[in-house]
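Several structures are given next for inspection.
One chain, subunit A, appears in both complexes that follow, with subunit B as partner in the first and subunit C in the second.
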Partner chain A sequence: MKKDRREFINTCFRFAAGASIVGVAGVLASKSVKGDYLWQLDPTKCTQCGRCATSCVVTPSAVKCIHVYDMCGYCDLCGGYFRPNVKNLSTGAENMLCPTGAIKRTYVEDPYFKYEIIEELCNGCGKCVKGCGAFGNGSLQLQVNHDLCVNCNECAIARDCPSDAFKRVPLEEAYQFAGFKTNKKI
Partner chain B sequence: MKKIFSIFSLILLSIVDFVAFAQTQRFPRPEFESGYTQPVTSMPEPRAGIFALVDVLLLIAALSLITWFIHKKRSRTGVVVTSLFSLVYFGFLREGCVCSVGSVQNVVLALFNPGYHIPLSALAFFVIPLVYTLFFGRTFCAGVCPLGAVQDVFLLRPVSLKKWLQKVLGLIPWIYLGLAILYAATGTDFIICRYDPFVGIFRFNATFFMFAIGAAFLLISVFIARPYCRFLCPYGVILNLVSRVSKKHLTITPASCIQCKLCENSCPLDAINKPVEVKQMEDKRSATRRFILLGMIIPALMIIGGWVVSNFHENLAMVNSKVRLANELLHFDSNTMEESLEIEGFRTSGKTNEELYLESATILKQFYYGSWMLGAFVGLVFGLSLAGLTRYKYREDYEPDKGECVSCARCLKYCPVEK
Partner chain C sequence: MKNKLILWLSVVLLIVLIAFMAKDLFKTGNLSQKNVYEYDLNSLRHVDDSKISHKESKQIKIEADEIHAVAVDQEDNIYVGTDKSLLVLNSEGKPINNLKLRQAASCITVMDDGNILVGMSTRIDVRKPDGSLRNSFVVKGDRTYITSIAVQDTNVFVADAGQKIIHHYNIDGNKIKEIGGKNQAEGVKGFVIPSPYFDLLIGRQGELWAVNPGRHAFEAYNFEGRQISNWNRTSMSLDGFSGCCNPSNIAMLSDGSFVTAEKGLERIKIHLPSGDFKSVVAAPDLFEPGTVGIDLAVDSKDRILVMDPAKRLIRIFEAK
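The block that comes next holds the complex of A and B.
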């Protein structure tokens, strides 16, 4: 008799638990999305503070500088490549802005130069991005490289980002290049 | 007047447009004559969406397999094999994200924040282990959860803890769960993920802090079985509750218990309940008095808890980056202090201080109510655990505690009874 009663109470609780699990799942399934979300940063909000290089759980950071070639002016005096007030425009290490030497400068034709990012060396500090944005077209942009990103449930850089530039994006919008600078507040 | 205004605004707009246009064209792309071909902008592909489905299917497969091993085959070896598989796949290959433990926060965020849509895989990782637990007990904990599996393989010299210590430490996960819900609901942070001790080990890559707590937990788990599962895991306490009313559960003996006491000390988690003889009936008056006392103590604990925690709501809210920024701006003095990166970032965003203060005031208010609820919740848990201690339960045989037992199946081979 006593055992039956305990059994009955257990069954009641079981059904209640089952119903609440199904309920929560049902409510959430109606507003869920199929694919995973990815973390990406919005270059229009980014202030190149340098925390992408240090906050990422992956070392070196999964955030890299990506060169949007369509926007590049192929300048000889590249604001992303050279330090400000540089004496001579050569590939000497003392002239370079990049702390890891991750930008490769090659001559194309007079007076144009091509700049490529060597991904293995880039640590995502954003110094070149700042330089290019200040003096050039802004064709160098920081982005999360999705083959390196481990897609943490909560991005460690997003937590530390001072300009709230990190957000979850759907799979189809994995990269968020800022094509024009019109939407940036000056 | 209206017309003039519209013309004026049109002119203004075109000027603005022109400025913007001029800026993008600061150095227009040159027309190359040497036949230069431009490299392609690199955009490495993310992991395809189909793999999220593979994860869920593998979760179901692993859960079914381990449940079969525990309930039908009654084999500890099978449990070990499955846990090694999940350790390799869900741990090292998938690098520990997304896991069921962390998915609690995704669920809470989705419930409280209409703007956030939970990925189906995260929802599946939350719900499927719960459903299995409702039917078969905590088979998920036994060896599908990579966090449990990594501690289980390190368990070499189990020592048993004092009962009172277990009860006290067992309250921590509730507080942790409450905090995690508070922070996830306010969209502040996912603290379970942030302080996940093992994810750094799964990735072979983490900050020193992450490695240090991971290594500490693994060291402890050599002696104390599953310290994270028992004394911290917030998902574990949900499974604990669900498992108490599970339809089936692992039994130590395949037939009927002969009370040989061989299994008595076999459980490293101290989750085996010993037989309790029928005690003499308690006299009615003291039982009633105890009942009334408990009935008063639980609401009192809830109110005290709520009041105490709500006093700290501002401290709790300081984890939120917006509240922190507002606080920093409020105390910012441009003469003596240098602008922090946060303030600099805020200035470029173009928002006004008032907007930020309003926003952070709303968040503070959420934290105020949230901390009342958190305190009341913790008080309720304390009260109910107290009530549980006074409860007298008659038992004939050696049985696993349905809530605490993680179905690791270690006790099975101690039982001499044949089927």
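The block that comes next holds the complex of A and C.
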């Protein structure tokens, strides 16, 4: 059976339209099963360059320091809390590494101290994260706080991040902690 | 003519405008620009040359996937514990023996009579000088993790970072007592060990020295388990130790000075028997950033052997 040219082109168009409809339906179905995607920071790639504090469209930044208490050594001389070469291990502002005073230090028992992040003050600069990683167990980690993040289509921090640490993650893996089993926000 | 000129000028202006806008598509901005919030740790890694007392005289490359521990014997032979075996080298680094291990070595100590004690997680193997197994025993406890062994005569002291105590055994594996456990009634504060770095050595008077890394302290005990001396230096500067668990490893020179290895700021230093800072053996810039588990040994000539796990080297330092 011979087909003329017009019929052949029609058949091709029908196939292309059918494939497009099936493809779009497949993508939509897959998205609805997988749920939404959010921007998040991979702490294993982050180099604490300080750009999370300055690049985010939200002020102060939606990136915050989060304390993974299970990993903390509760040190007296905390590298994330104190500036280098401090004279006294006290809570004086001149001793603090955090530029906004967003870490609260509380005595627990000899020789342990508890460190809490005051989220409203934290600007996500990551100085404490770098200090904790360099001298301690790395329990202070930067994460995008999804209560504050407006989830831009093109994240301004991701565009500026020099270590490619920002990525889209599924809703169910919204928080990504390094060295810790459960990825839930604490 | 005038209209034509305006038209050409408009075209040129349009091209310039498009080029200016298109630049943003290809240029990502100056990422190397200094950020005011960046915490620069490089200044802390710098050590003034006048404070460095030793120079690196030799490097011995170890052919293994992982290296975990180093020790020397009375003849200055070098023992290196790897993930699979115990390598015995002469003082110049030439291989003498290769003993297969049942699991990765976490620490090694060589007795005066040549017997070799190898710590592996929860077990200690005692090997004869020829490498054959003499005996073996397990340190009991759900959280046991052996990080160091010190030996005096037939007394074997085992640092257990998991249970935060020192176990006192005899060479046959019979437990005698525990040392350093928290005892509020006697005012013993106990060991603070946030991560598994807990080292021991026997001092010149036969006393047992233990690092209390969470307190940046050295504590000396007699064999009855009583603390007889201690010192601590907490500081981010050269004169002390910082972070959650430093010093991570120690050794002792013939004059009783302590050689210390730190993590975080990877550096090797010497502290006087009083605890005061004396000098730097190896500055942080000699190590790859993030190197942890640097082990130490000192031979009869006071050469300092530094096990660099990141570069899989035994690095020998001698006084300048």
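One rule holds for everything that comes next: the second predicted complex is superposed on the first by the 145 of 186 C-alpha atoms of A that agree within 3 Å, B and C clash if a C-alpha of one lies under 4 Å from a C-alpha of the other, contacts with A are read in each partner's own complex, and residues count from 1 in each chain.
Please note the rule applied: a contact is a pair of C-beta atoms (placed from the backbone, for glycine too) under 8 Å apart; a residue touches a chain by one contact, two chains touch by 3 or more.
Bear in mind that the values here come from a model prediction, so they are computed numbers and not experimental data.
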Partner chain in contact with A:A53 - subunit B first, subunit C second, else both or neither: second
Which of subunit B and subunit C A:S30 touches, first, second, both or neither: neither
Which of subunit B and subunit C A:A134 touches, first, second, both or neither: second
First (subunit B), second (subunit C), both or neither touched by A:T106: neither
Partner chain in contact with A:F82 - subunit B first, subunit C second, else both or neither: second
Which of subunit B and subunit C A:H146 touches, first, second, both or neither: first
Larger contact residue set on subunit A - subunit B or subunit C: B
First, second, both or neither for A:A17, with subunit B first and subunit C second: first
Touching both subunit C and subunit B, counted on subunit A across the two superposed complexes: 49, 51, 73-75, 112, 136-137, 159, 162
Subunit C-touching residues of subunit A, taken from the complex the two chains share: 48-51, 53-54, 73-77, 79, 82, 84-86, 89, 97, 99, 110-112, 123, 125-127, 130-131, 134-137, 159-160, 162
Subunit A partner contacts - residues on subunit C that touch it in the complex: 28-29, 31, 35-39, 41, 43-44, 189, 192, 194-195, 214-216, 234-237, 242-245, 264-265
Residues of subunit A defined as touching subunit B within the complex: 10-11, 13-14, 17-18, 21, 24-25, 27-29, 31-38, 45, 47, 49, 51, 57-59, 66-75, 108-109, 112, 114, 116-117, 119, 136-137, 145-154, 156, 159, 161-164, 168, 171, 174-175, 177, 180-182, 185
In the complex with subunit A, residue positions of subunit B that touch it: 17, 20-21, 23-24, 26-30, 32-34, 36, 38-47, 49, 52, 95, 97-98, 102-103, 105-107, 110-111, 114, 116-123, 126-127, 130-131, 134, 189-190, 193-194, 199-200, 203, 205-207, 210, 241-242, 244-247, 321, 340-342, 344-346, 348-350
